[in-house]
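Both complexes shown next keep subunit A, but they swap its partner, so subunit B is in the first and subunit C is in the second.
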Partner chain A sequence: MKSIEELEKIRKETLEKVNLRKDRNGIRITVGMATCGIAAGARPVMMAILDELGKRNITDVVVAETGCIGMCKYEPMVDVYVPGQEKVTYIKVDENKARQIVAEHVVNGHPIKEWTISSVE
Partner chain B sequence: MLYRSHVMVCGGTGCTSSNSDRIAKCFEEEIANKGLDKEVQVVRTGCFGLCELGPVVVVYPEGVFYSRVKEEYVPEIVEEHLLKGRVVKKYLYGESVTEEGIKPLEETAFFKKQQRVALRNCGLINPEDIKEAIAFDGYKALAKVLTEMTPEEVINEIKKSGLRGRGGGGFPTGIKWEFAYNQKETPKYVVCNADEGDPGAFMDRSVLEGDPHSVLEAMAIAGYAIGANHGYIYVRAEYPLAVKRLQIAIDQAREYGLLGKNIFNTGFDFDIEIRLGAGAFVCGEETALLNSVMGKRGEPRPRPPFPAVKGVWEKPTIVNNVETYANIPAIILNGSEWFASIGTEKSKGTKVFALGGKINNTGLVEIPMGTTLREIIFEIGGGIPNGKKFKAAQTGGPSGGCIPAEHLDTPIDYDSLLNIGSMMGSGGLIVMDEDNCMVDIAKFFLEFTVDESCGKCSPCRIGTRRMLELLNKITSGKGEEGDIEKLETLANSIKASSLCALGQTAPNPVLSTIRYFRDEYEAHIKEKRCPAGVCQALLKFRIDPDKCKGCGICAKNCPTNAISGKVKQPHVIDQDKCIKCGTCMDKCPFDAIYKK
Partner chain C sequence: MKELSLYILDIAQNSIKAGAKNISIKLEIDHKKDFMKVSIEDDGCGMDDELLKKAFDPFTTTRKERKVGLGLPFFKELALQCGGDAKIRSQKGVGTYVEGTFKLSSIDLIPIGDIPSTIISLIVSNSDVDVSFEIMSDGRKFSFNTLDIKKLLNGVKITEPSVLRWLIEYLEENINCVMEV
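Our next item is the complex of A and B:
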């Protein structure tokens, strides 16, 4: 190891893979970021979520990338885990929906039923 | 490869012995069968702490906790939870399931009052993958120290944190490092004490198994601070899993250039070797340990000179405990003020305890200093099984003492424990209930020290043996007036005249049980009675007249004709003739004979 930058690079790369395990306490949002998710536009969704949380100064919510959930046709998908509640899976999320999910579900505690997977299954 | 779900299977020694490895394999097979192996990852971790409920499996992202997992559960968990996304509540840790739903793990009684510093990564990472350690800030403190801090600054930071040695003595770590730093002699050495000989203790083993990199990183930081380029980890060969994971960690750290030459291109070299110990308790004593590291007999020697002056190969050396090291990177990254804000005035930070004995949640816990024994035993530990009454807790193992119910509310730290006649020790905490005989407990610990005394000095070698003889006399019903005083006199002279702390502390369990449970000693001596019903020789066989049908079978079988009685009338045992063979109790078809 020749530099801190090198260490930082490994840290960031690996953290993406294991961040999912961090902080068992608060709300957690995961975004499907496998090939299909990215192809469907998951990256701007992720950025929108981070941006929206940032604007509202929310720091205790963990946003993690996750792998393929196996339902590629519904990508981009976002899962919201609120402690003590069943997870809520949103499908075909775009930037606009992502911002509203943060506002309504994460902040106000009201899941937006019409966008969840249970609305189609 | 990004996985959507992580199945963390505990690979600590506790769960491994309840066959967690098989469970991990089942998960892998089942996940592959369902074609989920590109989506779900199985990770073998270190101890989660709830070893009693092993094998333990935690599934992320939900962070739910399956306990006592059996092979048969695996297909259902994979099918329902991992494939369909429905947590299988019936297999979850019962504590975490409530009417409203599933509590996050941190909210359960076991975890709520814990604060994980030394154990921060145990259960969170795969200890055999250095990248996962790095992901959770591993080696970041080393990078900071090497590129931004002088050795003096490092030592100052540790001094300001208030960190004290976790191996038993509680000596301030920063001051120890400063002594070694001030020595002119070179080369210097960094030693990690992973001997962990205290019966019932497994704190250090769990750190080594769950997060070995935290110790390697801290040793390198210590090396930089005192000016050493070489480290030794002294670990007992009886910890094969810890040794294996340490070796993997060392190899990976070398491969990544985090050990070896010119680390972070700063010109600092540091490397670490493992030394295996044969598992003698005295080898945990630092001077004996140094001898053993050098391949000599593991015998203590007088101090001074302290290891900081003359240690391995007669060179300046620091010896620190595993848990002490595990705290170092966290202090460097979060700052001494953060660390000093946890704990009590003179004991900063957290302490790991291994809970054992008569307690529901046997396992590993890490609590801020100043937590009370009551919180540890009744909240985190889940209380005493079978509704029994708490009697005492032993801390400090064979060097410590017992703490009775009246002191349950003492905030635990180094000084408060000494005040009530016990000590912090390395973190073993054994709970005793009303069925434990305190004289018998004292005997157990003394038998241990008698066996483990290295024999170099006579107060310890002979004195502890004399004390044990007195205890045997008392528990076998031959105790005499004055025996308690004899024990006390012997104890005090052994404490005063032994060479090393093994001998100096060996009488503590006897002294503290006399201090708090003198009446039990007296009952054994004066009334020839063991109030807890433990000491065999003091038990009497009796016949319950209500249950006895007068069949006479016991009388026929008694080898000494101690039983008499008329047919169909309750029989009685003549205690003077009875030799306590127990035959009558086995033979009585009506369970009329009991021991008390």
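Our next item is the complex of A and C:
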């Protein structure tokens, strides 16, 4: 079973990587984590984003939460902020979409227009 | 919501919204007494008496985005359905304590669900907030505190993917071990 002592090994390995890291790219992903968001599946979406970033060894993207924006019917919602570009808001995101948003938008730089709020409003 | 751990996440999000620096989540399970208690305590802004009195009322919210507050009434409804009750204590400027009790034998009781994901989501939601978690199940106990983890990490951020991945496994193994019947 995992014990807390193992954390020291993780710390050392991570520290080496952190020291090699280039400048932050400033990309930010936020997940709506108010009641409706959580009820609609925001937690697995957030976990999928973290997992996908981790698998791809992407360490310079900040993931955080946003509160309620009064649009229950579109939850779970995910915002992607790329510096110098307009914010992109994805709606009705699930685990699978979340992974593709990381791959296509965050990694390859191509927003998936069909899943954004501007495709319905 | 299908898991108790999602209710916990939702109530703890109230704490984050209230500007808490520390959130303490406790889960107590006692099969002999047919009893479970879940509590979430924070040192956020707290509520004044007027707000506190109607905190479980579905039309209570200080949000501007919508007119109904959902989280606390949902939690109370679930506890009542499961032969328990929900309580809240709060003091303006000090903090808030929310507690729900449940009968383990209730057919309306939902699974506890994925506690590690709830804890990780809270850590990521606001990594400045410290989260402690304690589970006691039929005498077995596991406790966890992000303050200790941050101290051990000594300069490495708790939100680093490698750290989060380890934390998920660490929490899963230890919580499963405590909850084994």
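Some observations on this one:
Here is the rule we use: the second predicted complex is superposed on the first by the 96 of 121 C-alpha atoms of A that agree within 3 Å, B and C clash if a C-alpha of one lies under 4 Å from a C-alpha of the other, contacts with A are read in each partner's own complex, and residues count from 1 in each chain.
What we mean here is this: a residue touches a chain if its C-beta (ideal position, glycine included) is under 8 Å from a C-beta of that chain, and two chains touch if they have at least 3 such contacts.
The shown structure was predicted, so the numbers you read here are calculated from the model rather than taken from an experiment.
In the superposition on chain A, contact of A:Arg28 is made with subunit B only, not with subunit C.
When the shared chain is aligned, no partner comes close enough to touch A:Val78: not subunit B, not subunit C. Touch criterion met: A:Met1 reaches subunit B and subunit C at once.
After overlaying the two complexes on the shared chain, residue contacts for A:Val102 are found with neither subunit B nor subunit C.
Using the contact criterion defined above for the overlaid structures, shared-chain residue A:Ala48 touches neither subunit B nor subunit C, since it reaches no partner.
Residue contacts after overlaying the shared chain place A:Lys87 against subunit B, while subunit C stays out of touching range. When the shared chain is aligned, subunit B and subunit C each come close enough to touch A:Ala64.
In the superposed model, A:Leu15 lies in contact with both subunit B and subunit C.
In the superposition on chain A, A:Ile38 makes contact with subunit C only, while subunit B stays out of contact range.
In the three-chain superposition model, subunit A touches both subunit B and subunit C at residues 1-2, 4, 7, 10-11, 13-15, 17-18, 33-34, 64-65, 67-70.
Residue ranges on subunit B touching subunit A, taken from their complex, read 1-6, 8, 36, 38-39, 60-63, 85, 98, 100-107, 124-125, 131-132, 134-137, 139-140, 143, 147, 256-258, 263-265.
Contact residues on subunit A toward subunit B in their complex (touch as defined above): 1-4, 7, 10-11, 13-22, 24-25, 28, 30, 32-34, 64-70, 79, 81, 83-87, 89. Taken in their complex, subunit A has these residues touching subunit C: 1-2, 4, 6-8, 10-11, 13-15, 17-18, 33-36, 38-39, 43-44, 46-47, 50, 53-54, 57-59, 63-65, 67-70, 72. The residues of subunit C lying in touch with subunit A in their complex are 1, 6, 9-10, 13, 16-17, 63, 65-66, 70-71, 74, 114, 117-118, 120-121, 124-126, 148-149, 152-156, 159-166, 169-170, 173-174, 177.
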